[in-house]
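Across the two complexes that follow, chain A remains constant while its partner is chain B and subsequently chain C.
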Partner chain A sequence: MTVFAVIIINKAGGLIYNRTFHEGGLNKISTNDYLVLAGTFHGVHAITTRLSPVKNVPDRNSASSAGILTRPEPPSGLEVLESENFRMQCFNTLTGTKFLLFTDTTQANVDVTIRRVYEMYSDYVMKNPFYQLEMPVRCEMFDRKLLSYIREINNR
Partner chain B sequence: MVVYSIYIFDRHTECIYSKSWLPPSPHHHPSTVPPSVPSITTTTGDALPPVNGGTTTGTGPTDRRTSTRTQKQKAGDDAKLIFGTVFSLRNMVRKLGGEDDAFISYRTAQYKLHYYETVSNLRFVMLTDTATMSMRNVLHQIYINLWVEYVVKNPLSPVEHKGGEGVKNELFELGLDQFVRGLM
Partner chain C sequence: MAQSTKPPANKDQTSFGSGGSGLRYPSNGKTIYHRPLNRTKTSELSQASFAYLFAEMVTYAQKRVTGIQDLEKRLNVQGHPIGLKLLDLLLFREPPRTQTRPLTIIALLHFIKVNIWQHLFGRQADRLEKSSNPDTPDEYMIIDNEPLVNAYISVPREMSSLNCAAYVAGIIEGVCDGAAFPARVTAHSVTGNTKEDEMWPAKTVFLLKFQPEVVEREALIGKGQ
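Right after this comes the complex of A and B.
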């Protein structure tokens, strides 16, 4: 049970936060590579929403009775990526901010963890009056709380 | 489990084989479609994203011809998008997990994509429903039992499969169809 890293990507595909928690889990790559990775992932995420082979056919029977076309659930993009050495969970908020959590392949309950990270982001980043939107996250409080939370998971 | 489609890409990044097991969308609800809807959607069909299955319920022969052509184009575009996706993700995985790491699969709320790459950079991609477990060994089986047997060992098949040449032989297609239907 190990969380390797957390990455936050803003709605334009820019990297606004990245932090590794476990040495040896992922390769060390430069900040520039992280920026490239964030941008690439943003694009790939958009493509994966378009690739859905099951088309949402609006239910015509209910639509004709109700008089309006019911809007189908929008297709979601990549949620979980698996490789031999790690697992990546992506949480896309309604506003388009993406939270990526890199864990080992056996990590359970990543959904809960990633939502907790989102909660912390809204509490300690969004409520910080000095934080500028879409800009890199530099909030000491967020750093501290996130570190203690992830450390707790990694030591479990 | 449901298998939606399979794509095979060669080392020149070209899609040399693709097959879909999805029912063709035009014949979904031919009777329940209100008469006014197709006339609206067929005129703007090309501009709209393909969300409604009734788009191509054309009545005339011209409608049907254009719909099959656009569908073929769409399949080609899909193959290119899929290749771009798996290529980017594979590179991303290699960068983060090391050179020996391999991208296995990703899942969205609608579907799951499985990936298998041979040493010779032949790439197998399979799209299934989200509940399916890892299909990496299945793709490996397809490579060993079908690709090697019926495509590689076929003396009439060319070395490079430009435009799918040599892949679309009866034994391979039949074997693949049977194998996948056996999984479902």
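Right after this comes the complex of A and C.
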């Protein structure tokens, strides 16, 4: 049960945060490769989004909707990618920021973890007056909270 | 503050003259000054909305500043009027028996540590200290282990001497000035390597430097008793 790494990609496909937590879980790659990985994943995600059909087309005649138009759920793209040694989960926020979590294949409740990471991002990055939108995340407080949270999971 | 003020539905209905409508003057003519002062005594506000507001205040103060000291000065100035008003409000809310203004430095510091902190942050400040340096008998310290205003703020490395709690320092300065104990109040981050400092990475010391006449008066009061 281990979380290997967290990556955050902004809505333009740029890498704004990457951090590895567990030695030996993933091979080290250069920062440049991480940037390429982020950009590539962003592109693949965009294409897979176009593949998937829109769910819940609103039924205007049903009584339950009572005149309130329900918005169809936006098509979601690639969410999980699994290899022999790791599992990558993607969480795409409504504003298009992507959170990627690399874990080992037996890790449970990844969606809970990833939402908690998102929550920390919205607290310690978005509420920080010194953070510029879409730029790399350099917030000491975010680093600290994320590290202690992931450490807690990895030591469980 | 929990009550939302409705924008006027019809301009003709406002009891104020032309141009008098807007958010500042609700259509029923009841402004914040018409409300009883004790109404919001126990009401709480959302910390998230405060965090966003404060982040914008810091961004606003950052515009056209010449340096970190200037920025802290601006935050201080934003807090000052709040302190002046808070002193009167909180004393008004005290039971009549204890409604007197603080007359000594210790009483004032205690009032800030207990009443002001309780009202603003829902808890007391962590510690009060007097400067141990004999050269600066006019300096006192209020210590907060994790200031609410800094809860979500990470200061970039190139501005490491900045502490956004300068805003709270401004509030304290306002209280001191209002109570006729003129002082300069500044906020300082504590970075040490002791275990306690590591436990509270956001620990902030508010340094109160009273004007010489305050210390002089204090000494005279001490003699008289």
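Quick note on the criterion: the second predicted complex is superposed on the first by the 136 of 156 C-alpha atoms of A that agree within 3 Å, B and C clash if a C-alpha of one lies under 4 Å from a C-alpha of the other, contacts with A are read in each partner's own complex, and residues count from 1 in each chain.
As a convention for this text, a residue touches a chain if its C-beta (ideal position, glycine included) is under 8 Å from a C-beta of that chain, and two chains touch if they have at least 3 such contacts.
Computed from a prediction, not measured in an experiment: that's the story for all the values here.
Look at A:F130: by the touch rule set out above, it reaches chain C but stays clear of chain B.
By the document's definition of touching, neither partner reaches A:F99: not chain B, not chain C. In the superposition on chain A, contact is made by A:L81 with chain B only, not with chain C. By the touch criterion stated above, A:D33 is placed in contact with chain B alone, chain C being left untouched. Residue contacts after overlaying the shared chain place A:F91 against neither chain B nor chain C. Contacts of A:F21 after superposition: neither chain B nor chain C is touched. Considering which of chain B and chain C touches more of chain A, the answer is B. Annotation: chain A has no residue touching chain B in one complex and chain C in the other. Only residues 4-5, 20, 22, 25, 28-29, 32-34, 50-54, 78, 81-82, 84-85, 88-89, 91-93, 95-98, 100-111, 113, 127, 134 of chain B touch chain A when the two sit together in their complex.
Across the complex, chain C is touched by residues 123-124, 127-130, 138-142, 144 of chain A. Remark: chain C residues 48, 51-52, 54-56, 58-59, 62, 152-156, 159, 164, 201 touch chain A in the complex.
Chain A meets chain B in the complex at residues 26-27, 29, 33, 37, 40-41, 43-44, 47-58, 60-61, 64, 72-73, 75-86, 102.
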